[in-house]
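Here it is, the structure in full.
Note that the chains are named A, B, C, D and E in the order they appear, and that numbering of residues resets to 1 at the start of each chain.
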Amino acid sequence: MRNLASLLFAGGLAFLLMAIAALLPFGHPPVLAGGAILEQAADQVGAANIVTAVVLGYRGLDTLGEITILFAAAAGLGLVLGRRRAGAPRDPDAGPVLRTGAALMFPLLVLVGFHIILHGHLTPGGGFQGGVILAAAFFLPLLARPGTPVDHPGLSLVEGTAGAVFIVTGLVALLTGGEFLQPLLGTGTLGTLFSAGTLPILYLALGLKVGAELAGLLARLADAETDT
Amino acid sequence: MMPAGLPFLFYAGAIGLLVIGISGIVLSRNLFRIILALALAEAGANLLLVLAGWHWGGSAPILGQGKALETMVDPVPQALVLTAIVIGVGIQALALALAVRAYRAYGTLDMRRLRNRMNRDIAAAAGIPAESSRDAPAGGRPTPPVPAAHRSGGGRA
Amino acid sequence: MSQIALTIALPFLAAFLLPVIGRVYEALARVLGPLVLLYCLWLVLQLWGTGDGHPVALAMGGFRPPMGITLYVDRLALLFTLLVSLMTLLLWPWQRAADSRECALTLLLAGSASGLALSGDLFNIYVFYELVSVASFGLVAVHRSGAAFVATLRYLVISGFGTVLALTGIALVYSQTGTLNLAQLAQLAPDLLAGPVGLAGFLFMLLGFGVKGELFPVNTWVPEVYATAPARASALLAGLVSKLSLLVVLRLLVLLYQQEQALQLLLLLGVLGVISGELAAWRARDLKRMLAFSSIGQLGAMFIAFSIPGNAGLLAGLALALHHLLVKPALFLLAAGWPGAVERLRGLARGGPLAAGLFVLLALSLIGVPPLPGFWAKMLLVVGLAGQESGYLLALAVVLGAAVLEASYLFRVVAQLYHRDEEAARPRPYLLDLGSAALAGAVLLSAVPFISPLGDWLAGTAAQAGDREGYIITVFPAAGRPLYSAAGGGKPALAAAGPLPEPKP
Amino acid sequence: MIWLVSVIVVLMLGAALAVLLLRNPVGAVAAASVVSLALSVLFVLLRAPDVAMTEAAVGGGLGSLILALSLRRLGLWRVEGDRAEQERDDA
Amino acid sequence: MTALDNLLLLALLTVLLLLAGRRLSSLGWYLTILFGAQFAGLLMMGALGYGAPPVPSSLHIGVMGQVMQWRFDALSWLFALITVGAGLTSSWYLAGDWGRHYRQRGGNLWLLQLALAVNVFSMLLLLASGDLLSLFIGWELVSWSAFLLMALNGADAMRAALRYITYAMAGAMAMMAGLGLVLHTAGSLQYADLAAAVPTLSSPQLWGLILLFGMGFGVKMGLLPLHLWQARAYSETPGPGASFLGAVSTRMGLWGLILVLVQLVGLVPIADLAIPYTFLDARELLMWVAALTIILPTYTALRQNDARMLLAWHGIGQGGYMLLGVLMGDAMGSAGGLMHAFNYATYQAPLFMAVYAVRYRTGTSDLNRLGGLVTRMPLSFLVMLVGIIGLAGLPPMNGFVSKWLIYRGLINDGQPLLFIAAVVGTFGTILSVYKLIHNTFLGQLRLEHVEVREAPWSMTVPMLLLSAVVFVTGYLPGLVLDWVAAAQQAVGLPVLVHTLGGVESPLGSLDMIWVSSLMFAGFGIGALLFYAGGNRSKAVHQLDNYAGGHFLSADVRYQYSDHFYAGLMRHIGPLYRNSFQWLEGALGTTVETLGAAMRAFYRQHHPAIYLLAVTTAGLIWVIL
């Protein structure tokens, strides 16, 4: 009976949401804040990819909150899963295909990851997407040989310093009279690699942080036997 | 009453995902399914948010592609969805870690059994004797007198 | 005033660096958190001293309001930022060999809580709210017992559901108005957000942001989590974080939804919260769950207070919130030192007279016995409710009935404490818990003689918080006057404050 | 354009239903990654390339990877999905 | 610093001294002296009792837009007299042997004395309140300090105290709602504003005001539906605390009702409120509640076997008389009601003290295990005799004057049914007090009580003092009637024309001096005839007796005293259906089941369904 009632409610919810969706101005949105950003992004931030301008420039605080959430999730996961038991059994190594494939793919993945991070302000992509690819790159050898010890202290070092770099660049703007997370170093010429001031630096720090964090997260999740 | 044509499709997709996700959370008994349904619901909400910025014949908000500024789609919701997706995955990872530890602690993923064992543990930790919950309510308040007929009929020792 | 952003940035910076420092020299890591919080506390006090009392709008990143994120700093926001630093410092996880990750999560909680109090942008509020959620998931599951994991999971599912609803609400509001800045939304609200879409957005956002505020349908996680979480974490959640969620709902109500239907919805959910919370508390068997249910009831009363139109409702809600923020954490800390079940509390007063005396004092204030501040807060609520028509009179009857239930179950615990008959186990409370509870008791007693100046100050703050036009003027100053965002004007990136962009058809 | 969108949306909703209805958890995870993939294509059609990449990489890639890893840890990793073993687990 | 400030400061000083003086040995005597000083401070304001204008206090506190001030008028002076008087005699009783005995049995004597001081201070604060806000604050303080006094005596006392505090909180919350209503209609909480706003109130608002304040004060007074807590709570309170609570605590409720219903709202507007479909109006409804409050508790007292419970039940019954008198609104009836409040305090306190004296000596107050103590404890017998004559309302004692005034008032007001109800109540009172004195003092002395001696002087002196007051005010009621007339004038009721001996008015006159002296003359003649006629009665030892031809041994009880009214009970037994007990039980179980339902809601295995339901319902509501 409970299932029937909840199905009924779900159907009702769907119908009502569709009715409300009909009232929404789809196709001709009142682009109020977005319109102002589109006009002034080129000269205020100087990034070709306006979404990156919004992510790191206009709404920098959101992104700071965002990477902190990821950090909190990773810290929470580490807290919950705890350290690895000493004598825990190890999984056998993967088949030869995966081992050689992993060895081949690793440098490619790292290259693609850094490419996406560094061109975040020019082409679609950026810190998050590049960071995930880096994490996958570091996790692949672990899949191939589950036994390889994971350098958790190293990962948390990278993660901590990258996060600190992100916040310090924001604070530098504050200390030199501007506002917190204000893009510095001018805007440079649109479209070139070194344009949009501190945005590339921020995205690089962000990419490294996300990459190290997720690599640690995946390694901890993949460990067969952890508790305490 | 209903949105027509292309908008109907997009909204149907977004709201469909949202409602399937919500009904998944509400209906499923297995904890793993609930976490999956939560991810679906998040995806639905993200799609709804991106739809808020699209307009007919819009172009990607990337300068230097030769597109005019007026035709560009609103970049703000895309920045929001970027954040929302990563939040969703963050919560999902934490949820799965908790599910793993709950599975190891209680050996099951069925919500009903998990709830019963949790309540049993909380009562044990607080020191409430489980079996006495029926006859001796908290704080020694006088329980309403059992009508004489039951008492004699029941014949409890 | 733009240094206020430090109260967000510094805790985050310290949290990021804590695991790294933790590996190098252990001692600094243990003391880094409290030091940062102390600095934030000093910073807020210093800013409050120099500020002239008028609200200030800060444009994050130097970008003008509708585009960038604004931080709105009025007396209410400053008060809550101060309370965040103070309460987190008081409820810092000192005693156990606190894992550096747990300290990091507590710092994140503090930073995002002050962010939540200051932010003037809808999506920014959502991000900080999510951060508070994720940080609290980690903190609540610290005990690593089976029950803690399952309780945290159920809490996560409910707040995940809330996240989805909040996100849908923001999507609806954004597609209707095209902006996220609260001031601009406040301008557009009367015509754009008055329709069914706006109200649907309000319903979703209310349910989404109500999870932490223990709103009626989304508070089923409260008893389990507060029963399994460490006392300091549940004190922080019940005392501080629930008030911030209340603050967010208050901002939504005052700025965007001053409509009849929104208030009635809030009133209904508040009344249901009070009824379910108090009745369940009357039946609860262990002390922590009883306190959890009673905090559901109290917060229900605060939602009822906010549903009263006009400044009287805001004043009553704020008074109840501040009083609950002072009393409830102290009660949780006291409960930590005692055995869980109410029956096993028998005769504890002889072993710990101070703890039992504090419990009586806090219970009296919670019930609303006159000289104590609790009475004045409840009086404001009763006076506010008595003036309205039928729906509010029912709420008044429910609130007063709840007070009677509260008196009977709280003093049933007191009866157990002062039970003289047989010898009881000597409680060994953790000294710092008892110290902070005693501090809360002292503050409560010292507030008694200064109740009228406190009342007037609070009335001023509530009036300022309820002033919608003042909010809009502060964020969008009249054309021409340069926006108060940066001391130096030389940065090329800072465009002159052009006129407000007209909303496109 | 409209046909492409309708095919993808139908595919996505079908995969979403499959996530809830499939008995085998591995199948459910696969269906979830299909939903995420269809969603990122939709984002491309909506002129949101950044979001499409994020959805593909983070939602599809990382999300499914995490789900698969935790499936192994929960002991639900059964590719063939025979009935007897399921009953034992649900007991 | 006005006289009122001195009194309040003195009372506060008493509390602080008690708090500090925990280690002092003879703390009881210090408390008695301090109470004596407070009594003197009260007498300094004696002019109030003779029509002087109210004495304001210099303390003004402005909180949340309301100004709180304090003042004493004739009405509060009269009630303060009772309060401090009862406090003085109780602390005197406590200071001597009884206190030492109580401490030896493990009781916390210091806390009892502190509670007594706190009670008196909060009652004086309540009586001095100058506006509704300070009234409510004083009221809550009185309720909670009474809880402190009741909760001293171990587990079952705590349970009775918990039951009391639930009732008291219900009353306080009803009053808080009344305050909200007043603030909304009258704009401020001052007495004058409420009195001015009463004509503008609509009838539902007026009904609300009466019911809310009626319930608020009625809980403390023990009006009928709310009286179940009082007997058990007062009998569980240790010794003199019970005599203090019994004598004074319930009168605070009466003071409140007089202040709000009579002085502020006024009896005329209340009388205009007709109850639809019945011939009753609001005033008559309250009078019938008072009448039923007289009858039911008194006949419950009849069945009690414990002397303390019997007296506690009478406390509720007598409260009905006072309310009945005050509500009549004419000169005689209201004077009777007010005087009855004073009289009741003067004879209830010594009765309780006598019972505790018996308990101190014999260790029990169970009426089925006492008897024949008149030979061993003559002074206590005398005190109880004077007390029960006053309680029953027989001529020489002051109880008769007030009951006579109430009856005359009822007749003048033309309420025959109420008159009959009052008489039935008096009949019940006479029956139960006779049971009290017979089972305790008359009849055959039990073996174990042979070596019982009279209670020590520290206990008998305050008892005798109070009995003397009962007799003197009975003989010369004019003393009290002056104060009562001043109180009537302060409250706005018609003032009673009275002389030193009683009442001289066309509606009925009474001269107690004549009545009492006539009675004493009769006794004198009877005694003269008896002794002059050779004193033929011969003292015979109790056991020098025989029944049915064979001698009685010591253990045979030839005088039956247990289950005293067994015969009567067989006839009116079925009338006792304790429906209020059942009502309270039903209320308790409903709250219990609702609580269980709510707890189940929070423990359900799938919380999300309610969230989904609320979302969809909300959406429907939002769309429409």
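Descriptive notes on the structure:
Criterion: a residue touches a chain if its C-beta (ideal position, glycine included) is under 8 Å from a C-beta of that chain, and two chains touch if they have at least 3 such contacts.
This one's a predicted model, so the numbers in the text were calculated from it and none came from an experiment.
Grouping the chains by touch while chain E is set aside gives one piece. Note on connectivity: the fewest steps through touching chains from chain D to chain E is 2.
With steps allowed only between chains in touch, the distance from chain C over to chain E comes to 1. Once CA atoms are averaged chain by chain and compared with the all-protein CA average, the nearest chain turns out to be C. Rounded to whole angstrom, the centroid-to-centroid distance between chain C and chain D, based on C-alpha atoms, equals 37 Å. Centre-to-centre, using mean CA coordinates, chain A is 20 Å away from chain D.
Distance between chain centres (mean CA atoms), chain B to chain D: 17 Å.
Annotation: 75 Å between the Cα-based centres of chain A and chain E.
Looking at chain E, residues 159, 592, 603-604, 606, 608-609, 612-613, 615, 619, 623 sit in touch with two or more other chains. Residue positions 48-50, 54, 58, 62, 66, 70, 73 of chain D are each in touch with at least two other chains.
The set of chain C residues touching two or more other chains comprises 123, 127, 130, 134, 137-138, 141, 144, 149, 154, 157, 161, 175, 178, 180, 196, 200, 283-284, 412, 415. The full set of touching chain pairs reads A-B, A-C, A-D, A-E, B-C, B-D, B-E, C-E.
Here chain A touches chain B in the complex through residues 3, 6-7, 9-10, 13-14, 17-19, 21-22, 24, 26-29, 31, 33-35, 37-39, 41-42, 48-51, 53-55, 58-59, 62-63, 65-66, 69-70, 72-74, 76-77, 80-81, 122-124, 128, 190-191, 217, 221, 227, going by the rule given at the top. Residue ranges of chain D in contact with chain A, taken from their complex: 48-50, 52-54, 57-58, 61-62, 65-66, 69-70, 73.
Those residues of chain B whose C-beta lies close enough to touch chain C in the complex are 18, 21-22, 25, 31, 34, 38, 41-42, 44-46, 48-49, 51-52, 74, 76-77, 80, 83-84, 87-88, 90-91, 94-95, 98-99, 101-102, 105-106, 114-115, 117-118, 121-123, 125-128, 133, 137-141. Touching chain A in their complex are the following residues of chain C: 2-3, 5-6, 8-9, 12-13, 15-17, 19-20, 23, 58-64, 66-69, 99, 101-102, 104-105, 108, 111-112, 115, 119, 121, 123-124, 127-128, 130-131, 134-135, 137-138, 141-142, 144, 149, 172, 175-181, 184, 195-197, 200, 485-488, 491-493, 495, 501, 503-505. Residues 5-6, 9-10, 12-13, 16-17, 20-21, 23-24, 27-28, 32-33, 35-37, 39-40, 43, 46-47, 50-51, 53-54, 58-62, 73, 78, 81-82, 85-86, 88-89, 92-93, 96-97, 99-100, 103, 109-110 of chain B are the ones touching chain D in the complex.
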